[in-house]
Amino acid sequence: MTRFRTNTDRLLEVTLQDEKVLAIAGSMVAYTGSIKFEKSLLGGEGIFGAIKRKVTSEGMQVMQASGTGTVLFAQNAAEITVIPMSGEKITIESSSLLTYDTSLKTGTSFAGLRGAASGQGLFSTTVEGHGNIAVISKGNLIMLEVTPSTPLRVDPDAFVGFKGDIKQEFVFDVNWRTMVGQTSGESYQHKFTGQGVVFIQPAER
Amino acid sequence: MPAYQQINEKMVEVTLNNEEIFAKKGAMISYQGDVAFSRSFLAGQGIQSMAMRAVTNEGYALMAARGTGKVFYAYDGLFVTIIPVRNETLYVESDVLLAFDARLTAGTMFLGNQGGVQGIVRGAVSGQGLFTTTFQGNGEVAILSDGNAIGLPVTPEVPVCVDPQAYIGHTGNISSSIVTDLNWKTFVGQASGESYQMKFSGSGTVYIQASER
Amino acid sequence: MSTVYNPGNLPSNDNLNRFSFVIDVKDQMFIRKGKMIAFYGGLSFEAMGTSIVDMLVRHAFNAPKYIHDFVVVQGGGQLILGDNGNDLACYDLDAANMTVRAKNLLAFTKDVICQESTLPGFLTMIGTGKVIASSNGPVHFLELPCRVDEQAVLGWADCPSPSYRYDYEHVKGFVSAVGAVTGFTLSGEEKQVDFTGSGTVLVQSSELGLAGSGVLANIISQLSSLAPTELSMLGTSVQEVMKQQRR
């Protein structure tokens, strides 16, 4: 299995032993050993993959690194968090995903009418299975638990992803609308109920 | 020798004892004591270097700080890393320089020297100019990076390939060459110029930052 | 792996990590708009000017220029603040005063009075309570006397208001010949903020890379050769580019 490790908060080191890993195009900063880089298709091969890509058109290009050696990934000096997965499913903002194992299955999920102004596409990426993923965030990723008795409200730009049995709603709060912050389109919040964990970043996109 | 101290990841403090250092224009954020500032050019060897710099537009205005006291340097929220130079040559991109000792011998190295024609191509395409700055002697150099900079060890058995836009500098007995990977070239990354990588072999350290310029 | 937080184990009125701060909301507090990251519990956010908060505001918020950047949060719950990946710190005031750059002020308790400083762009906080401010990288505390680049000043405490000092000595010889070649720009070394007396200055890495950007200096030096219509066209172009960059 590939080994994911962070080297300081902003660099991800992936060790491959005749293995492959997928990452955002252009995020490789250095490598040792013999590694080959190729374009890869987000959403997978075949017609369903093509449809997914057309629908999402999230502008996300993925590359595959394969071979034996160590590859260093980074993206715009953002902080990186490694999340090991053992069978569960995580929903994550497509632009926050940096690198992931090929053993994981990715898909897209419709995130609802979030409004064009927030600059976050209409779709999120789902990742499921066994393997490692590396997530980028501006400022260290914060994980907050949601339980039936403690629902959570989150600023849309701070939202990165969630896992578990969680329901995501949009709340248009009149009082909140007075809180138009530095980014436009902040007239709503996310509300999370259910049981699971929400990932947020302490920054705006 | 001026004493460099890393205050935090974005700030460095230099203590001067009737000494002099050069720093990037606009990077001085505070000082205490009796320090005088004056403008300077990147010190080089003779008229030839000056002429070369004029041609290549690498003329880089610096501020010299001289006297006794403490000077604090930082720039635009970028990370600062102090690289010690101990009787060796440090190659570093001039646009990442924050501060360096006046006692170090600074020069410009035509990238073509390291790898002939390929060197020129690399300079032109990566947009970093045809020249890079060299420092020799004993002293410290403080550099800027977007996100932290780390030094990757290069050994004869393990050469290191680096994305040119993450490359900041290197020290040691290293030779650099360009690697063009056909598969890589088919792949249009977010940043242009990703159709080649820099390969470093030999013995030394390569410095990279956690982002691309 | 790092901790998963819930209302039970969140720090109380303390940093969660460098970039975020948790406020245990019980009393009313002033919060800067847009800096709320997430919250548990039942909190309401009132804009200034509504009758509920009028009494509080008249007493504590004495800086009309900045009033619309803040709201009052009340209710009960835990509020997480963040500012774009900047470091956050909480400053405890005990019958003291502290001046801080307005755009770095994130939150303060209601017993602290906020007034405009005589230095433009700064707010003076007076009284007893907590002040939460952000900084570009960790804050560094300097003792007086010292001279600081204006962009790097985050704030100061317990010392008299600073003055500007102009350092033209090194420039005199150069202005004639070399000045034209190098592009004479205010690099921060010419105009410094001078702190004298005793107290503490809060310093951060610069906000703007104003000098050293050849492109900018180039453009600015050519502005005087533009006609008024050209200048307004330039203004529109700048707006377009800025809009694109924010995305």
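So that you can tell them apart, the chains are marked A, B and C in the order they are listed, and the count of residues begins at 1 in each.
Going forward, a residue touches a chain if its C-beta (ideal position, glycine included) is under 8 Å from a C-beta of that chain, and two chains touch if they have at least 3 such contacts.
As the structure is a prediction and not an experimental result, all values here were calculated from the model.
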Chain contact graph, described as a line, ring, star, complete graph or other shape: complete
Most centrally placed chain, judged by C-alpha centres: C
Distance from the mean Cα position of chain B to that of chain A, given in whole angstrom: 33
Overlap residues in chain B, where contacts from two or more other chains coincide: none
Chain C-touching residues of chain B, taken from the complex the two chains share: 7-11, 24-32, 36-39, 59, 61, 63, 72, 74-78
Contact set on chain C toward chain A in their complex: 1-7, 16-20, 33-40, 44-47, 71, 80-85, 88, 246-247
Contact footprint of chain A on chain B as seen in their complex: 79, 146-148, 150, 152, 158-163, 166, 181, 183-184, 186-191, 194, 206, 208-212
Chain B partner contacts - residues on chain A that touch it in the complex: 7-11, 24-26, 28-33, 35-39, 61, 63, 72, 74-78
Of all residues in chain A, those that touch chain C in their complex: 81-84, 119, 138-145, 147, 150-155, 158, 175-176, 178-183, 186, 197-198, 200-204
